[in-house]
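All remarks here apply to the structure that follows.
Chain lettering (A, B, C and D) follows the sequence in which the chains are written, and residue indices restart at 1 in each chain.
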Amino acid sequence: MGDPLTQVNALATSEAPKKEVSTGAKVLAWMADNGIFVLTAVLIAVAVIGVEGFASLQNIADVFHRAAPIGIVAVGMTFVVISGNYLDLSVVAQVATSAVILIAVSNEYGYVPAILAAMVAAAVFGIVNGVAVGYFKANAVIVTLSTTYIGLGLLRFFSGGSIFFGPYESPLASFGAGKLGPVPYSALVLVAMTVLLGLLLSRTNFGFTVRSFGVNERATRLGGTNTGLVIIGAFLVTAFSAMIAGFVLAAFSNTAVSSMSTGYDFRALAAIIVGGTSVFGGKGSVPRTLLGVVFVSVLTNVLVLLNISFGYQQMALGFLIATAVSIDALARRAGKK
Amino acid sequence: MRKSRLVLAPAAMLAAAALVLTGCATEDASTGSSDSGSSDSSGDTGGDTGGDDTLKVYALLPQGNDQPYGTTYLPPMQAKAAELGIELTITNSEYDGDKQASECEIAVADSETDGIILWPAIADSIRPCLEAANAAGIPVWITNADVNPEDTGLTYGYSGTDSYGQGAASAEMMCEFAAGAEIGIIQINGLTGNSVASLRGAGFRETVASECPNVTILAEQPGNWNKDESQIAASEMLTAVGVENVQGMYAADDSMVAGGIAALEARGLAVEDFIITSIGNTFLGNPLVIDGKLDGTVFQSSGWDGENAVIGIYRALTGDTSLGRDDDGSVLYMPNPKVTIDNATDPSVAPEW
Amino acid sequence: MSQTQTIQLGTRTTGLWSKLKVTIARRTEGRGVALLSAVLIGVLLTEQTVFTAYSVTLSRIALVGLVALGLTVVILMGELDLSVASTLALAGVVTASIPDLGLGILAGLAVGVVVGLVNAFLVAVIGINSFIATLGMLFFLRGLALVISNEAPIKLNNVEAGIAFGQPLLGPITPRILVFILVFIGLQIFIARIRVGREFLAVGGNRQAARDAGIPVKRRIFTGFIISGVVAAGAGVMNTLERTAADPIAGSTVLLASFAAAIIGGNYLKGGRGSVVGTLIGAASLGIIQVALTLAAVQVPIQQIFIGLLLLVAVTTDPNNLRAVISSIRTLRTGRGKVVEPATSNRSTSS
Amino acid sequence: MSTPVIEARNVVKAFGGAKAVDDVSVAVEAGDIHAVVGENGAGKSTLMRILSGIETLDSGAVLVDGRVIENSAKASLEAGISLVHQELSLIPEMTVAENILLGSFPTTAGVTRKAEMKRIAAETLKEIGVDVDLDERISRLSVALRQFVEIARAVARKPKVLILDEPTASLTPAETDYLLNMLKRLADQGLAIIYISHRIPEVFRICNKVTVLRDGQRVFVSEIAKTKPDQVINEMVGRELQLDLQSRRDANPGEVVLSAKGIKAPGVSDVSLEVRAGEIVGLGGLVGAGRTELVRAIIGADNRTAGRVILNSQGKKRVISGYMSAIRAGVAYVPEERRVDGLAMTMAVFENIYLPNRRELGAAGIMRSGKMLSFALELANKVGLRPPQVKLEAGQYSGGNQQKIVIAKWLGRRPSFVVLDEPTRGVDVGAKAEIHKLVKELADQGTAVLVVSSDLPELLELADVIHVMRDGKITGTLAASEADEKSVMSLAAGEKLVEA
């Protein structure tokens, strides 16, 4: 019997994959998978040449500062997205909570209790989200929306909206201001998280089940997987990344306030999507998310350097998401023909 | 399976309701305000008890425990209300004009409402609320940010700051310190689209343009009231216009100016060499003034603001002031002393938030 | 004959009670109804003012629900529209920035059409997942609104007309409420009785099958996005009129609220299952609870906690979900087999 | 010789290089039932999709009544071609009536006329003799009923040509029997029918012409009268194939491996059964008799409301309560719905095989790709996956190969008890034989095997003992020796069918 591809293509049902295709289509297909690399490279090249001061060490540090907290959230949230659960809106509450806890508690009792408290909070967020989505099979968007309300509500009820700030001279503050060459520590944390979570997703059984769940939930369960635990795991990873992001943010600004992470939910998702992770689940990777974060941060940075007003910045971001995915979609289509 | 559903939801509902009640209880304990929540509901269930001696006032605010200012604005307000026997119902529209309008409808529709304290989320869109309140004969006292001139006739009075004026005051200090020298500055604004942010921004921009054309605003970006975002924005603006061209900086509040200063320090620049002004004189800003890093800020007293809102509506309810603000005392401007290193330690300007 | 019986196996419903049960089983709004009745009971016990001041409650429901109604038709097709809130803001800004009110309103609605067209184009023609496409639009349109409005609220040129628009026509019925009711009836008929709308269910339930059956799927997708765009724009225009000004960052609370309403109402995010009635029920539950909490002077953070818990309960008390929980828990158990709760002795209808 | 109602002339269709349909011509006249047979991937389904305008053709033409028709779904429908899909293509949340008239709702000014719709639907169902509540949602119907609604939809369009693609795949013998009679009736009324099936006996029972496709090409066409089943099968497979359908292995059952007592579950009322080492137990019965429900309840994939299951493997007796514990204890489950429950289609073969074996392969939860690949390759060869390229996506293989992958991933665990639910549904003849061979080997190696099948010959070939189920109960148990199609059927259908 012949080459299986012929058979697939003949199968009326399976959306036939296209392997034997013209070189032109190959190029397009390559573009589809790597378009974001190209875009990022082009953007950076243009910026280096065209935008004065972009290449300066200080500015590179600023880009890193932009990328770090949102990036750490995004690499974590990639797990939830790949598991096919859209996104985790509650990172907004999670980041603020951990930042406030870190500074408020450490001012009173020192860092250890503060970090422990933050970890407890993160664990609670992750487990509540995970149980509701994984075991109760509830819709992730609404679950995390409700935990956002609950989280912020509790945070504001107990902390009020007051600004908490640490002493001028503190390990936290010096970490927040610290740099390795032009690279702030926060960016190093982001890279570390990317490597760590990247390996977790691509090289461990847990990561494997997260991806497999994103592709086919029932087959994964019947393959002998406790899918509930897998989802809880995905949300825990997100929650702990959000916690780290909160720490980084608190260290950087040496202040914390319950409103400091507004907009992190969709900004993180935007980065993940621009990176090329599919919201249908299954397809995607952590390094890609990092790339998406870099792209978005560089873009914002360039627009600010050009003194372009906030409105245009938002338009640019939106336009970019649309174009990036359009190219991707069109290329895939061409790849099929 | 229908059964399981129909049984479960109410059960969960009860649990949730229980939580809210405990919530109210804790609220009373924590804020020490008159037992608004519970008495209110019991009042409704058991016919019309209460209400005669206590005045019921709705405070329609665009912020509360979600913002530093609101957080310190509320307690004095509640304390004063308790003292004057006013029962406060506080709402927070989170600067969503539509939400506030709907809250206003609720306040007007509530038969027990005696008066309304209104802090406009968006001054331009508050007219219908005022007209509705008047139609229902409910006096409205404006707090913190005033309504447009053409609408003042619909209110009993105003107490609070003048956001535009604060921007202007900050600008005046900037001009004074610049002392005629040709300098370039960068400007950090509040949350884009937020009315306080745009008023302060306009106040600063226009005053600088008229008072001291020698001061040039080289770049503007929003800092969204956040220190971290302001620090990045400031640093990027410095890169954009070139540090050597910048001799000063203005930020619409102290958290953001702190970010701006951090940006300068991060570049190892001597902050003292820059002319920096701001608004707020908060716990964050005041020390910076004392350290000589922040040259001037405008004191805004959240305590004064909250307290006088209640005093104002009380006077309206007791007939001391009437519709249209034509009698004296119907407009109380918050004293906005300029705070510099000379008076920063003065108890009269001790930071409140 | 005999074969007919063989084939008929398992689908006989006789007797009024079982017929009734079947009819209920066929509906998708169960959870919404449960939540709504729970809310109503709770409110009746604590805060009747909600009902005495029903005009307010109505307009709050209209505020929360209108966008959700438009969103529902898109969700039924298995697509999402994250751009509704930005559309609302942009439409308002456009309306206010045009001196002539009539023209402004038309322009505002036109915004909705255009946004719908663009969304549909990205989804149906280019073939982007709607979640992403409309996410892009969410940012783009918000930015555009800020640019047009120069980042500050725009006052309506003709304030009186705006205020007049806010006044009740008869009884508690303000124009907004009227529009809300009309949109609801219109969409309900559209989905239940009109061929085009009915086919939305097919597009969402089994797209390939819909295509094979000769249904113009792309055209349906365009129709759907235009509907949701126009409804959102309409909401924006009405807000602008009622408030006599347009706020470029309006609708911050709209997006998530409307999704919550639609999903509480039993609409299935992957499409093909749900109803406009359900969305109405969901919106009513949310609107009423919000009004009640405000009247009860519950501190805002606690309101948030409460609404959050309510949502959580609403999404986790679906009987199918509960069955899933029980089986998952069984899956966890590795010890000796106990007898399972009879709660599951009634097979799930979805196969 | 009148002009054929429908004719495909030299149709060619390629997907990225590979030719799925290569210069194929078929002509069917009114009243004919023309069989198109071939292994999965031979191009049958693609050809049919081209005829019904769903798939575009690269070259060639489709003619109706001698006139070339435009290549679009709409044109084909209007020309009177209607296709009954292999994969059920109904709208879950729409009513039976709506589904039957999908795409052609009767309307006045855009408003659907419900009464009219129900009337037409009722008529059609009457015509094919199916009785089902018109307002019922499809999502609440059994697979068999859906298949008939599917057919009703095709018939409702008053077609000239009716194309059925594997219509009996999900039907029981009784239902199949009924369907075949129905088709004959329709043909006698002058309908031209194209009938696609793997089941050669069916073809020889009702068809009067047969066309065989292999690798996209037409390799054989003949009057049924002028050919024989073996010839057709050989043409299909393209190689001599010994399909000794009666070959029974002489089993020597060992000790009891699985014992299930008093199993109660949705659709299952108080069933007990035992499976011994080296024994193949068959579960026969009609669709909806509760066979799938039973096996899923036994292994804990679905909840049981009562009952106790004990698995005796490697000398240890374990109580099976949940699915996880079942897997750990050495149970393997090859599910009925391959695409939905069995495989992650867009994942590679080796990843699919890794899934149930990850704890053993990935020590400390770390994946080792080298190990994964070699392990997968070994199993792929064991089950005869063709070609054994474990890095290909599972979805790229044909149905038979996909089923082999599902079996392979479980073989890796050396299970002591294997459940196979409809192991060869929609699988071509060649793969079917290989899968049967695998199952027998398993048993010979002392594995306890439980097979659910609606395919009687399969059941008779494989099983040493056959339990027949009806309405959630076991209505009879037959030893391989005494079992034949009739005895099983009468137990399955109950006295109702005896005279049918």
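Just so we're on the same page, a contact is a pair of C-beta atoms (placed from the backbone, for glycine too) under 8 Å apart; a residue touches a chain by one contact, two chains touch by 3 or more.
Just so it is clear, the model here is predicted, and its values are computed rather than measured.
Identification of common neighbours of chain A and chain B yields C. Any chain bridging chain B and chain C, meaning touching each of them, is among A; the list is complete.
A centroid comparison over C-alpha atoms places D as the chain most distant from chain B. With centres defined as mean CA coordinates, chain D is found 42 Å away from chain A. Taking each chain's centre as the mean of its C-alpha atoms, chain B lies 69 Å from chain D.
Rounded to a whole number, the gap between the C-alpha centres of chain C and chain D is 39 angstrom.
Once the centre of each chain is set as its mean CA position, chain A and chain C turn out to be 28 Å apart. Among the residues of chain B, those in touch with two or more other chains are 23, 64-66, 192.
Annotation for chain D: residues 85, 323-324, 328 touch two or more other chains. Annotation for chain C: residues touching 2 or more other chains are 25, 146, 151, 248, 299-302, 305-306, 309-310, 314, 318, 320, 322-323, 331-332, 346. Annotation, chain-chain contacts: A-B, A-C, A-D, B-C, C-D (touch as defined at the top). Partner chain C is touched in their complex by these residues of chain A: 86, 89, 132, 134-139, 141-143, 145-157, 221, 226-228, 266, 269-270, 273, 278-280, 309-322, 325-326, 329-330, 332-333. Against chain A, in their complex, chain C makes its touches with residues 122, 126-129, 131-133, 135-147, 151, 248, 256, 259-260, 263-264, 269, 299-312, 314-316, 318, 320-322, 324-325, 328-329, 331-332. Chain A contributes residues 1-21, 25, 202-206, 208-209, 211-212, 215-216, 218-226, 282-283, 336 to its touches with chain D in the complex. Residues of chain D touching chain A in their complex: 15-21, 39-46, 48-49, 85-87, 165, 215-216, 238, 301, 323-324, 327-328, 333, 335, 339-347, 351-352, 354-356, 358-359, 362, 365-367, 386-387, 389, 392-393, 395-399, 401, 409, 430. Residues 1-2, 4-6, 8-10, 12-13, 16-17, 19-20, 23-24, 27, 31, 36-37, 40-41, 44-45, 64-66, 88-92, 94-99, 101-103, 105-106, 109-111, 122-128, 131-132, 148, 192-195, 198 of chain B are the ones that touch chain C when the two sit in their complex.
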